[in-house]
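Letters A, B, C and D mark the chains in the order given here, with residues in each chain numbered from 1 onward.
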Amino acid sequence: MTPEDKKGGRQMSNVMGIINNALDETFLEKLTNHRSLASVPFGARYRLIDFPLSNMVNSGIKNVGLLLESKYRSLMDHIGPGKAWDLDRKRNGMFILPPAHIYQANRAYKGDLQNFASNIDYIKRSSQEYVIITSPNIVCNIDYRSAFQFHLENENDITIIYKELPVFRRDTTYTVLNTDDQDRVIDMRVNPAKNYYKKISLQRYIMKKELLLKIIDDCVSMGQWDFLKNGIIGNIDKLKVYGYPFKSYASVINSITGYYKSNLELLKPEVWQDLFLKHGSIFTKPKDEAPTEYKESSFARNILAANGCIIEGEVRNSILFRGVKVHPGAHIKNSIIMQKSEIGPNVYLENVILDKGVIITGDKELRGDTNYPLIIEKNSIV
Amino acid sequence: MTPEDKKGGRQMSNVMGIINNALDETFLEKLTNHRSLASVPFGARYRLIDFPLSNMVNSGIKNVGLLLESKYRSLMDHIGPGKAWDLDRKRNGMFILPPAHIYQANRAYKGDLQNFASNIDYIKRSSQEYVIITSPNIVCNIDYRSAFQFHLENENDITIIYKELPVFRRDTTYTVLNTDDQDRVIDMRVNPAKNYYKKISLQRYIMKKELLLKIIDDCVSMGQWDFLKNGIIGNIDKLKVYGYPFKSYASVINSITGYYKSNLELLKPEVWQDLFLKHGSIFTKPKDEAPTEYKESSFARNILAANGCIIEGEVRNSILFRGVKVHPGAHIKNSIIMQKSEIGPNVYLENVILDKGVIITGDKELRGDTNYPLIIEKNSIV
Amino acid sequence: MPEVEMLGMLLAGGKGSRLGVLTKNIAKPAVPFGAEYRLIDFPLSNCSNSGIDTVGVLTQYKPLVLNSYIGNGSSWDLDRRRGGVTVLPPYVKEGGGAWYKGTADAIYQNIEFIDLYNPEYVLVLSGDHIYKMDYSEMLDYHKNKNAEASIAVIEVPWEDTNRFGIMNTDDEHRIYEFQEKPDNAKNNLASMGIYIFNWQSLRKYLIADAAKADSDGDFGKNIIPEMIDDDLEIYAYTFKNYWKDVGTIESYWRAHMDLLGDNPELNIHDRNWIIYSVNPNRPPHYIAETAEVDHSLINKGSQIFGKVDNCVISYGARIGKNAVIENCVILPNARIGVGSHIKNAIICENVTIERNCEIGINGESDEFKVTVIGDNEVIKKGANIEIGKVVG
Amino acid sequence: MPEVEMLGMLLAGGKGSRLGVLTKNIAKPAVPFGAEYRLIDFPLSNCSNSGIDTVGVLTQYKPLVLNSYIGNGSSWDLDRRRGGVTVLPPYVKEGGGAWYKGTADAIYQNIEFIDLYNPEYVLVLSGDHIYKMDYSEMLDYHKNKNAEASIAVIEVPWEDTNRFGIMNTDDEHRIYEFQEKPDNAKNNLASMGIYIFNWQSLRKYLIADAAKADSDGDFGKNIIPEMIDDDLEIYAYTFKNYWKDVGTIESYWRAHMDLLGDNPELNIHDRNWIIYSVNPNRPPHYIAETAEVDHSLINKGSQIFGKVDNCVISYGARIGKNAVIENCVILPNARIGVGSHIKNAIICENVTIERNCEIGINGESDEFKVTVIGDNEVIKKGANIEIGKVVG
C-alpha cells in the first residue's frame, strides 16, 4: 500500500475499478462469434470497453481489473498493457484477469461470480478501500467523482448509477429499478415481464471492497453464481442500496437493434458532443492511420468517419470505421461499416452492418431493415 | 511488411520466434499446479521463459509469439507487454497467443498442433520468412545466428539444435536423435525405451515459415496433433533435416530432480559464467528490490541469491530467490527457496524446494533426498 | 542486444524564417503538415521504418515544444530500452555555450553523445522535408560502394540548379565536385541534405573543421568540399520518389495541394510505410447533413457543416454551416464561422474566423499569393482579409 | 486526466566539488549509492511514491549521463502520457545562455516549462540527499496552513547550526526569520532545501528577483528572505526521519555505513516505499565456498570469493579469493584481486585492484580518513595505497 492510496477515504485514488466482462454476450450474434462483448467495435473508432475504461481513468481511478470469460484474444490485442489509458504502471495500473475455471476443462461454467471468486486475490491485494464495478455493454461518458461523493456522504452500502428513460423501449432488455423519494432502491429486476420502471440500471455499482468480498463469499458459499441477481438484487432488502441518477447520454447495448441504433444515434450532434467532448476523452488504441480522403466523386452527408478511409462513393447516415474503402458509384445508407471493409463500385447498401474486413464486390445490393439490420460476418467476401 | 523485414533472407530480422508453451507440464507436479511450465521460477531470479525469450531477442529476433495452453495468468503477469525484452513495439514485438479451443469448453484437447492451428493467422500475417520454434523447458544461453547461417548455407528444410551429452542420464526424459557424419538427422525419438543416443534435442527448430504452415496443415488435416512426433519426427525421412550442435551449457527440465539439480548446477562458476555472461544477458521482469543484506549472524557459502533477501542464518549450496528471509539460527542446505519465503529461527532445511511465499515457522526440520527433494507448495505455512 | 550500426542525427533546430508566422512559436520541424502530422514525423517515421532505432534530435530554436512533442519517442516506435530518441538541445557547457554555427558544427557539438553508442555509420538528416525514404537501402548502397560518405541526391529541373547544392559525379556516381548554387551547373543532381558517413572518418573532419576559426561549420560549405579535396570516396545516391522542401509559405501550401491529387505522388495511406505522429486522441470526424465535401483530406475530431473543396483539414477543426472553403490548409483546432468564405489560404492553429468573413477572396495580386492567418488570431465577423495578406 | 496539482522541480545540476573524484565524470545526483541506486533515485522515488507524476529535472554539469540515466522515467513509474519526467538542461536560447546563477534562477529559467502545466503548487527539490519523504503529506500541511510557501526542516544538533540555513519559527511553525549559517542560532531547525510554493506567487518573486542584477538568484539568500520581509505566510514543516546530506567523501562513506546497522534508520527493504532505480539487468550474486560475508549489503551480478566485512557491494563487483575488505564501499563493476586487503575505502566504478594490494591499511593519520580509488583506475599488483589517499 503506497501512501498515495492509503491516505484517504475520499479521493478517487482510493477506488479500484473492475470491469466485468463475464457476461452473456450471445445477443450480439455474429458480432460476438469471435470476440467478446467488450471488444465489439463501436462509434467509428472505439470498442465497447473503451468507454468504461476511459471513464474510470478520467475519474482518477488508477487500478483497474478486467474480469474475462472467453474469446478475449481480440480484447487483449486491443488493450495491450493499457498504454492508451496510461495504465501501464509499476504500481496499480491494469490487470487482466482470465478465468481460473478453464484450468479444469470439464467443469461447467456457473456464472460471473465464479470469475470474481477466482480473482479474489487480486481484489484483496489491491490497496484501495472502495470499488466500482462496471460492465462493457453500456456506452456513456460519466465522471464517477460525484457519485462517489454521494456514496460517501449518504453512507450507502451500495450505490447503483441509473438513468431515467423518457420512454421505455421494448425492443431491448434492461435491468430496471424503482426507488423511493430519497433514491433508495426498493425494487430491481432483470429484464422483467412486467414492472417496467423507467429507471434503468447503468450497471455501475459503488461499494466498499470489504462488502464486495463479503458478497462474493456469501454467494459462492451458498451456491449462488450471478453477481447481479444474487449479489446485488439479493441484497436490496438487507443493505442500504441507493440509486444515483445519471443525466447525460447513455445507451444500453443489449440487442442487435440496440447496438445498431446506438451507433446511428451518434450522428446527432448533441449525442456526439455528450459522449465525446464532456468529462474527458474516450481513449482507444491508436492505429496511426492517415486522414480520411474524400475524392472528387465522393458524396457524404451525415456521417461519422474514422481516419484512413478513402471515399469515392456516396455515404449517408452511416458510421465508417478505420480504413474503409468506398469505390465510385457505391451507395451506403444507414449502415455501419467496420474496419478495413471495402465496398465495390456501384454497390448499394442499406441498413447493414459489415463486420471487419468484409469485401462487397461490385454491383451487389444488400438491404436490411431498420429494425432488423443485415449483418455480414468478419472477413466475408460477398 | 516493412522493408526492415522484407529485405533480406539472411538477417535475423527475417526470422520470427515461436515459444511453444503448449507442452505437458505435469512432471513438475506441485510446481505447475498453479502456473505453466514457462513461468516456473529458475535460477534465483528468473522464470523458465526468460531463457528462450532472451536468447531470441539477443539473437536479433524482433517478432515473438507465445503459444499458450493453460494456467497462464502468472505467465502474463511476468511477461506483461514484453518491456523487459524490449518487445513492447508497434511493429513486430511480442504476441500472446491463447488457445482458441477454450472457446468450445466441451471439446477435448488433442495436442499442441491445435494451438499452432488456432493461431495460424498470426503466423501467416508475420512478415518474416523464417521461424525458430522453441520450448521453455530447456535452459541455455544460445545465439541463434550461427545456427541460422548453417540452416541457410546448407539449405536445410529443418535444422534441429542438439547437444551431445558426455553421459546419458536416466533420471529424466529426453528427446534423442542420431545423425550421420554430415549431421543429417537419421533417427529421432521421444523418451525412448531403447536407442539412447547421446545427442539430445534442445527443441529449437529452424525452418521456413511456409514449411511450418505446411506441416500444420498436413498434420491437422490428417488428424495428427503432436508437433514434435508428427510434425518433426514424422518428416525426417521426407525432408532435409539437419542437426546443429550446441556446445555450451544446456539443461533439460523434464523432471523434478532434473529441475532441482539444474538449479544447483548453477553454483558451479563455469555454469554461471556460461549461462549468464555469454551471448548477452538473460532478461527478466525487474522487481526493484534492495540489495541483499547479510547480517552479523549470517553464514553463507556457495549460494546464488537474488536481491531483497535478509539473511541472518546459515545457508549453504542453495539458491535463494528474491525477498527471502532467513532468521537467526536457521540452517539451509542444498535447497531452493523461492520468492518471499521466510525461514524461521532454528529451522533446518535440507534438499527441499520451497515454492513462493512459504513460511517455515521456528524450530522445524524438513529433509528431502538429493534424488527426491521435498517440495512445499506455494504459500504454505509449515 | 545488437549494437548500433548506424546512428541517426536529425537536425531539427531550424527557425525556418521564410515560413513567417508559421514558425513564430515553434521550430520549423514542429510545423503541422497533412492534417495529422508535423514535419519532423517524416524523417522520424523514415528512421523507424528503416530499422534505425537510435536517433539524436538536435534542437535549437524553440526546443520545448519539440521536446514535449517527441516525448519518449513511443509514437514512432522509438522508445527503446537502449537507444531510441534523444532530444539534444544545445546545452550550456561549463565554459558557456552558443548556438550551432552550421550543420556540421551541430554534429561536432554532440560528439560525446554519438560516442556513447560508438556507431559504425552516422546518418545525418534534416527535419524539414516531406518524403518517404528507406535509409537502410542507402546504407546498403554506401556499403556496396565502400564509400566514406554517401549523399542522397535528387534530379531537379535544370533551370532550378542555381537554387541547390549540385553534385558532379562520374559514371560510377562518385562525386568529384560540389557546386553550391552554381550559375552554370554541369549536372542537375541536387543534395537532399541526407548524408551517411563512416563515423570515425567524419569525427576527424569535424574536429579539424572546428579548429578553423573561419569555417562556417557546415557540411555543404566545409566538410564535403574538404573530403572531396582529400579524394575520399564519396558517392551520390539517387532518390527518385516524391521529395519536397517546404521552406516557404507557398511551397508549404503547394505540398498540401499535392496530397489531394487523385493519385498523389506521396501515398500517406501505405500501411507498409506508416507515417507515425503523436496521436492526438480525438473522436471520429463528423460530416453534417448540411456539409459538402470534395477532394479533401479530413482528420479526426473535426466537424464539417459547410462546403469544403480541395482542402486539408486538421484535427479538431470546425467548419460552420454555409461556410465555403476552397484550396485551404486548416491547421488544428481552427474554427471557421457560419457563412465565411475562404480561398487559397492557410488557417493556423486555434484560429477563430467569425461568421461571414471573406479571406483571400478580394483584392488584386499580380502573381499567385497565399493568404495566411497566424496561430490564435481571431478574425472578427464580417472581416475582409485581402489576397496574400498575412495576419499575425 | 486530472490536471497537475503540484509539479516537482528537481535541481540536479550540482557539480558536488567536495566529492572530488566521485564527481569527476558525473554530476553529483548521478553518483552511485547503496549498491543499487544513484543519489537522484531518492527524490525521484519519493516523487513517484508521493503521487507526484510531473517532474522537471534541471541538469547542468555533465548532463548527458543523467539524461541517459533518467531516460523516459519508466524506472520510477514516471513515464506518463502527459507529464512524467522531463530533463531540462540549461539550453542556449536565441540570445545566448548561461549556467544558472543559483537555485531560484534555475527555476526562473524554466518558467516556460512550468507554465506548460500551470500547476497550483511547485515543489522544489535537490538531487543530493538520502531520505524517504512523502511530499503529499507536506502538501497537506501546506494547504492546512494556508501557506504561501512551506519549507521542510530538520532538527540538527545545536553545535552544527552554523553549517545550515536556520529557520526561526513561532509557535504555529510560521517562519519569521531566516538565518544563513548563524553563529548564535536561536533555533536548531535547518532547511532541507525542500520547498512548496504557490506557483503564481513564486512566479512573481522569481521575475522580480531576476531583474535585480546583484541577486544571487538563490532561494535561501534571496527569495525566502524577500518573502519573509513581505510578511508572507511561510511555514516550517518538520521532518523527523533519516535525512543525510552526502556532500563530502566522508559523509558519503558514513551514509553507507549507516545502511549496515542491525536496524538501519533508512529501511531500503520497505515494499510500501520502494526506492526505484534503473535496473541494470544482472544475474543473481554468487557467494563462493571460499567466501565469508558479514554485515554487508550485496547487489546482483557480483561474485564474492573473499572475505567481506561491513561493506556495501554494488552490482557487477568481483571480490577475489583471499581478499579481505572491511568497511568499504565498492561501486559498480569494480574488481578486487586475489589476496588484496582494503579497509575504510571507496572503490569507484570499473576500478581494477590487482592481486595482493594493500589499500587504506598502512600510513598514519591523525584523524579518521577514507581512502578513495577513482573511476577506471588500475592499481597494479602489490601496490600500497596509504590511508586517506585519493587516487584518480
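In this section, contacts are C-beta pairs under 8 Å (C-beta built on N, C-alpha and C of every residue); 3 or more make two chains touch, one makes a residue touch a chain.
For clarity, every value in this text was computed on a predicted model and none was experimentally measured.
Novice: Which chain pair is joined by more contacting C-beta pairs, B-C or B-D?
Specialist: B-D
Novice: By mean C-alpha coordinates, which chain is most distant from chain A?
Specialist: D
Novice: As a quick test, compute the distance in whole Å between the mean CA positions of chain A and chain C.
Specialist: 41
Novice: Measuring centre to centre with CA averages, how many angstrom lie between chain B and chain C?
Specialist: About 47 Å, centre to centre.
Novice: Could you list which residues of chain A touch at least two other chains?
Specialist: Correct list: 83, 90, 288.
Novice: Going through chain C residue by residue, note those that touch at least 2 other chains and give them in order.
Specialist: Only 74, 276 qualify.
Novice: Inside the complex, what are the residues of chain B that reach chain A?
Specialist: Touch residues, chain B against chain A: 70-73, 76, 80-81, 83, 88, 90, 96-98, 100, 102-103, 105, 108-109, 288.
Novice: Of all residues in chain D, which touch chain A in the complex?
Specialist: Result: residues 1-2, 49-51, 77, 80-82, 134, 136-137, 272-273, 276 of chain D touch chain A.
Novice: Touching chain C in the complex: which residues of chain D?
Specialist: Going through chain D, the ones touching chain C are 60-61, 63-64, 67-68, 71-74, 79, 84, 86, 89-92, 94, 96-99, 112-113, 116.
Novice: Can you list the chain B residues touching chain C in their complex?
Specialist: Interface residues on chain B, with respect to chain C: 1-4, 7, 13, 57-58, 60, 83, 86, 89-91, 280.
Novice: Looking at the complex, which residues from chain B come into contact with chain D?
Specialist: On the chain B side, the touching residues are 43-45, 83-84, 267, 269, 272, 275-277, 281-284, 286, 288, 290-296, 298, 300-308, 310, 319-320.
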